[in-house]
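Structures are listed in the sections that come next.
Each of the two complexes below includes chain A, the first together with chain B, the second together with chain C.
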Partner chain A sequence: MADIIVIGAGLNGLVAANYLAKAGKHVLVLERRALAGGQAVTESFGAGFQADVLHAGGQLRPDIVADLDLARHGLPESTSEPLISLHPDGRQLRLTADSDSETLASIGAFSKRDAERWPDFVAFMNAAAGFLDAAYRTPMPRLPHVKLAEGLPLARLAMKLRGLGARDMFRVIRALPMSALELTEEWFESDGVRAAIGAVAVHGATLGPMSAGAGFSLMHNWLNRGGPGHRRVENGIGGLANALVAALKARGGQLRVSAPVEAVLTDDQCARGVRLASGEDILAPIVISGADPRHTLLDLVGAPDLPPEFVWATQSIKMRGSVAKVHLLTDGAHALPSGTLVVAPTVRYVERAYDAAKYGRTSLEPYLEITANGPVVSIHFQFAPYALRGAEWSQERAVLERIAIDTASNALPQLKSSIREIKSLTPLDLEKTYGLTEGDLNHGQLLLDQMLFMRPMPGWSTHKTPIDNLYLCGAGVHGGGGISGAAGRNAAAAVLRGK
Partner chain B sequence: MPANHYDAIIIGAGHNGLIAGAYLARAGKKVVILERREMVGGAAVTEEIFPGYRFTEFSYVVSLLRPEIIRDLELPRHGLKILPLPSTVTPMDNGDYLAAWPDHEPTRREIYRHSPRDAEAADEYGRVMARAAKAIKPVLSLVPPDPSSMSWRDMVGLMKIGQYAKSLSEKELYRIAKLVTQSSADLLNEWFEFDPLKGTKSASGIIGTFLGPHSPGTAYVLLHHYMGEIDGAFRAWGFAKNGTGGVTAAIAASARALGAEIRTGASVKQVIVKGGRAAGVALENGDEFHAKVVMSAADPKRSFLSFVESKHFPDEFVEQIKNFRVRGSSGKLNLALSELPQFTCLPGETPLHRGAISISPSIDYIERAYDEAKYGQFSKNPYIDMIIPSMIDRDMAPPGHHVMSCFVQYAPYDIAGGWDDTKRDAFGETVISTIERYAPNIRNIIVGKQVITPKDIERIAGITGGNIFHGELLLHQLFFLRPAAKWADFRTPLPGYYFGASGAHPGGGVMGAAGKMAALEVLKDWR
Partner chain C sequence: MLETLELKRTPFHERTSRLSVAQNWRRWAGYAVVGSYELSLDHEYWAIRDRAALIDVSPLMKYMIEGPDAARLLHKVTTRDIFKMGVGQVYYTGWCDEDGKLLDDGTVSRLSDQSFRMTSAEPSLRWLAMNAVGLDVKVNEVTDEMAALSLQGPKSRAVLNRCCADRLDALKYFRLMNTGISGAPVSVSRTGYTGDLGYEIWVQAEQALTIWDALMAAGADYGITPCGILAMDMARVEAGLFMVDADYTASNHAWIEGQKSSPFEMGLDWTVNLNKKGYFVGRRALEQEKKTGSAWKLVGLDVDWVGLERLFAEVGLPPQIPGMAVRASLPVMAEGKQIGYASTSTWSPVLKKYIALAHLQRPHYEPGTAVTMEVTVEHHRRHAPAKVVKLPFYDPAWKKK
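Let's turn to the complex of A and B:
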């Protein structure tokens, strides 16, 4: 019998399982789908049509890679890609965190002054991301009655913030609630540069570059990407999960795929196992869920077993996904440059794209991120709101595909004629196929009121739930989201502390 | 002391400047308050723009004015009289309305009429918000400590805040943390379902702020407006006898009685710096005033970028002030009317005419109004908060006639192409036609109108950017970051130069806390 059941073989579930197995626990990971990886999967949609389905890149936090010795278990290499912002007049703006001469020359073509400021901006963003990384590693206790053992790491975090020096400390604090526009205005004069960074800020979030709080999501995305562009994983992002599965097995853990969990079994407000959709009951003294908090608590546990106020708080978690994906199989003649290609020419362009989402419409002029892997071209589309007004995703899919392809082809003229097959994923597909409630990649929007000690909700940042021995480890809890594994690492530590 | 030599000079006779001057005079200092205009009051003035019709030109309601200031300065004795502003009514597109009164039972019945669920939620919501406002209030009356500093004063300040936070319950603490960070739309959507109710409540979250209700941070602005207290009752709004000019007139009278001198028509050009200290001011007309201490109650941009040469400040400070957001987002339409406007939903003259009338049918309505403003246009369908001062105070207009004060958002300071007379007229016309949808006779009863754009607020009241709070109440411009990091304690990098205006902690509205706290800090430093 297993000591611990982990629901979901996404990266966070697998990271948590590995840490626990490393600590000597017997861990069983149950995955609904036939393959492990959750959002970080490489899948085939037909002959020659293999794609990184939801994320074009990502990296596990370096401490996790080291702790779990993943290099020995086949963790694939990843390489940082430049972000290339495509402009209607054919100009391309190239941004990297290395501030190499090509980057500076590219920025210089937009603004000499901005090119001069770029290295300082990168240094600031790295410092800010470093602080956020430290915050994501610090356990977030329940407020206000913080015990000494919990208070010390918080005090260390505060010292780390002060250690940045007064200037950067205030810059970081100020930047968190700022809009991406305000933040970039303080650094750059070129609208093109501001827009490209604004796009990174709203990537995966239902926010516009003019929304307050996009400064925080910029730091978050910068941390997870390691700069403006993605980190592309060699041979597909699915390699990350494969390495984690191999490591788990080597540590004696088990993985069962095609084993969808239907319910968390409880006994007097205490978890005692799970029931699979097949009717099979699997018992274990501890259950950890990598699914999003709302699905875990309201569907798998069920509102009747939870305090009413907690149910209300869970229902109030802001999910609201507005990302869609359009994958294209081409004949290979798409002529895409390599890199993370972005359609976000002006700040207003991205903001207008977001405006549509506010009122439940698909952006007619969307912000896109386009990546190519051999003949396969993947388009990340924002904004396509989960909750459409006056339309259904069954019909809207065709609209989405047309807008995505037309917009991408405007920027990349040879793309359109090279397309052979299309596979699109609407926010509804993200919910149905990938188990993301409301299609939210982050299991809860990255907003200031849903971060740190308020993630997933106020008072429950400790990975615990009102059900004893039921823990949360997915992207919706402290440390998540994004492809980083931080939430899984934190949850495992909480489980081990709780013992 | 020779002529023109004082202990302290205050720049600007707005409510904060007057309050600061009064407190310093009360402590026995020889004070002069210098006002650029020919009248005192700043943005809290009542002016007879058309003979017989008295307009509360800019600021038009009172609630936030701190009760201890009213007591300390004995303002009632100096003529302050606050009349209750009893209700808010939101006309609906279907000819019905949603009303709210200070009394619980009728308000509950009214909301119940529209949504039984919301009626139930409203009680709890009101309690939660009042508790949150009460809980956060003590922090607002603290001098913000500098979290980067190691000085004993700042460490003690930080510890005080920590201890205070520990004294709050878990629920209160999280509630405040959420209120400070979330959007007013998210806050209200958690509680309510009825659009006009959500729209009207969300409007408090955008006033003076260049953000829409969907933008994070707006719940704090909403909470800021909950901190009003009149006669000990939270969330009570009032109208001063003789308009907001009546408030500043009372403060000025009190200041004078305490021995402060007020000079109008005295436009400050520059702060005189001698030996690295502020030593006085020079006026535009060449006159000089000398003093040990100079305090500015003007906005941060004028206080630090115009009155003082940048060489007297560290670059970092100047950069922060340059980055301080003062985006004006609202305008006003002041109307002289030959009779009472007939709102379709409120025929005749009703008690509801003595309260606020709010054009805020839904959150989306206000958000769409913001969408236009963020791209540099005034809203085609703006949010409007109207009061009819002559219904509350009959002396505001000739008998049988009325004045109406309409606060309008959004009107961006940086309108595309810049403000000019044509655009001002178009803006006024848009507001009138919006009101006309709910009060069809409005156009025919106008005998005089004054349209105020953010540019006019800047020009007349001297507030850079025309922002009614001297700087938006954004999270990154509050507490120890207002107006700049390390300088939120009402001092400035120039010794002897202090800052006590809405652009300082705890922010805007006719509150007076900044003026009072700044004066007390001056006295602490006095040697």
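Let's turn to the complex of A and C:
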């Protein structure tokens, strides 16, 4: 019998499982899909399609890689790539965290002054990301009842913030609730530079560059990416999950795929196992869920067995996803440069794209992020709201595909004629196929009022739930959001502390 | 310009307003109800204890809870085991927040396998809806649509037997039955807020006046008396029955933790079923309190008459006691220290005693403990000797017979 069941083989579930297996626990991971990785999967669908279907690239936190000895278990190399913003007049703005001469020259073509300021901006963003990284690994207290044991790590975090130096500390705190526009206006004069950074800030979020709090999401994305562009993973992002699965097996853990959990079994407000959709019951004294909090709590546990105020808070988690993907199988002659290509020429353009989502419409002029993997070109589309007004995703899919291809082809003239097949994922597909409630990639929007001691909801940031021995470890909890494994690491620590 | 805020009128207003000699109106949950029909409460009070008193209790909040999961919802909300409740049974119960502190109290009646009626003092629709998430149940508020009359007193059964389509002799304490009065379908529960023999009659608002008239006619020979809520307030203290926001603060109205009360602290141990199956709101906290014991307890205070007389005699007066229930906090002391407070105090005409409901701290809440309660003697604060007693103060044999 397993000591611990982990629901969901996303990166966070696998990271948690590994830490627990490393601590000597018998861990069983149950995944509803036929393969592990969650949103970090490399999949083939249809002839010739082999792609990072959801998340385009990324890396696990270096401490996790080291703790779990993942290099030994086949963790693939990843390399940083530039963010390349495509402009209608054919100009390309290249941004990297290295401030290499190519980057500076590229920025200089937009503004000399901005090129001069770029290295300072990178240093500031790295400092801010470093602070966020520290915050994400600090156990959060159960506000409003802070105990001494919880106060100490918080005090250490405050020291870390102080360690940024008085000037940067002030700047980081001030930038968190700012909009991306306000923040970039203070650094750069070129609208093109502001827009490219604003696009990073709202990537994956239902926010515009003029929304309050995009300063924070910029720091968050910068931290996970390690700069403005995604990291490309050799042979696909699925390699991260493969390494974690290999490491888990080496530690005696088990993974069962095609094993959707239908219910968390409880007895007297205490978890005692799970029931699979097949009807099979699997018992274990501890259950950890890497699925999103709303699905875990309201579908798997069920509102009737939870306190009403808690149910209310769970229902109130802002989940509103508005990301779609359009994958194109080309004949290979797409002529894409390598890197994270974005269509986000002006701040207004991106803000307008977001406006559509506010009103339940698909952006007619969307913000796109385009990456290529051999002949497959993947388009990340924002904004395509989960909840459409006056339309259904079954019909809207064709609209989405047309807008995605037209917009991308405008920026990349050779693309259109190279397309052989199209495969799109609407927010509804994200929910149905990938188990993401409301198509929300982060299991809950990355908003300041849903972060740190308020993630997944105020008072419940300790990975615990009102059900004893049921813990949460996915992107929706503290540390989570993005490819990093931080939430899984934190949850494993909470489980080990809790026993 | 501000619009005039008018109180709602109950379905019996046409009758009650004509009889209201004293024009002593009280506000109850947004309705105007009669405080007392006459200038003095005596006649109405004694109707409760000796004859039959007819009280308009329509402002009670009423909810219909229906559907396959109706029992499950109430099982989750209340502290009682609703799965064990039979059709035709009525439960008195409190309900708590997750910290095990009382939000409100009221009654739950099982009308059929899948349908219940719940009454409460405070608006409860939101709370019920929040608890109904994930359940197959419909919650409808019927406060305005449903009229309610309370017929209380030793002669209440005889009056009902005269005008109901069925006899009520077999209807046991805290049970209900469907019958008719002058052709109007009614449901009659053997419940009330007086601690006497008594019934509550539930009827559609359109038929309210029909049953009022029928009851008044049937009760004439028994001295049936329309009774206001002030006399009922005295009777309920004698019966040891408390009232939300008078004797305890609803936890969602409390400003600070200290204002909240648990069902154990209110002496409702018998309504808290910790053996019932599954989750209910506040379970964990209540289990914990059961283990560690309660810091407070609601008890009765029996003020010593001789001691009271002595305090007043010192200034040359006979004892002065308000002739109605007083909802004002009075400090209760022991060994020179304050150990609690009385929340409602009243003269009890039937017991000929000055009594109070009081919140006392451990260990002073044991029956028999000698304490003092503050009284105002000719503008001076004095302390009258009193004894802690078990509730209720008054419990006539015919209440449950």
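Heads up, the rule we're going with is that the second predicted complex is superposed on the first by the 499 of 499 C-alpha atoms of A that agree within 3 Å, B and C clash if a C-alpha of one lies under 4 Å from a C-alpha of the other, contacts with A are read in each partner's own complex, and residues count from 1 in each chain.
The working rule: a contact is a pair of C-beta atoms (placed from the backbone, for glycine too) under 8 Å apart; a residue touches a chain by one contact, two chains touch by 3 or more.
It should be emphasised that the depicted structure is a prediction, and the values quoted were computed from it without experimental measurement.
K.L.:
Identify the partner contact of A:G459: answer first if only chain B is touched, second if only chain C is, both if each is, neither if none is.
P.N.:
first
K.L.:
Once the structures are superposed on A, label A:T296 by its partner contacts, choosing first (chain B), second (chain C), both or neither.
P.N.:
Once the two structures are laid over each other on A, A:T296 reaches no partner at all.
K.L.:
Counting residues of chain A in contact, which comes out ahead: chain B or chain C?
P.N.:
If we count touched residues of chain A for both partners, the winner is B.
K.L.:
Under the stated touch criterion, which partner chain does A:R142 make contact with: chain B (first), chain C (second), both, or neither?
P.N.:
The first partner, chain B, only.
K.L.:
Overlap of the chain B and chain C footprints on chain A, residue-wise?
P.N.:
On chain A, the overlap between the chain B and chain C contacts is residues 312.
K.L.:
Within the complex, which stretch of chain A touches chain B?
P.N.:
142-145, 162, 166-167, 169-170, 173-179, 182, 186, 210-213, 312, 316, 318, 348, 351, 355, 358-359, 447-449, 453-454, 458-459
K.L.:
Flag every residue of chain B that touches chain A in the complex, lowest number first.
P.N.:
Residues in contact with chain A: 147-148, 165-166, 168-170, 173-175, 177-178, 181-182, 186, 190, 211, 214-218, 316, 323, 325, 364, 367, 371, 374-375, 474-476, 481, 485-486.
K.L.:
Which bits of chain C are touching chain A when the two form their complex?
P.N.:
69, 72, 76, 97-98, 127, 130-131, 133-135, 278-279, 281, 283-284
K.L.:
Show me the residue ranges of chain A that touch chain C in the complex, using the header's touch definition.
P.N.:
Residues 269, 298, 302-312, 315.
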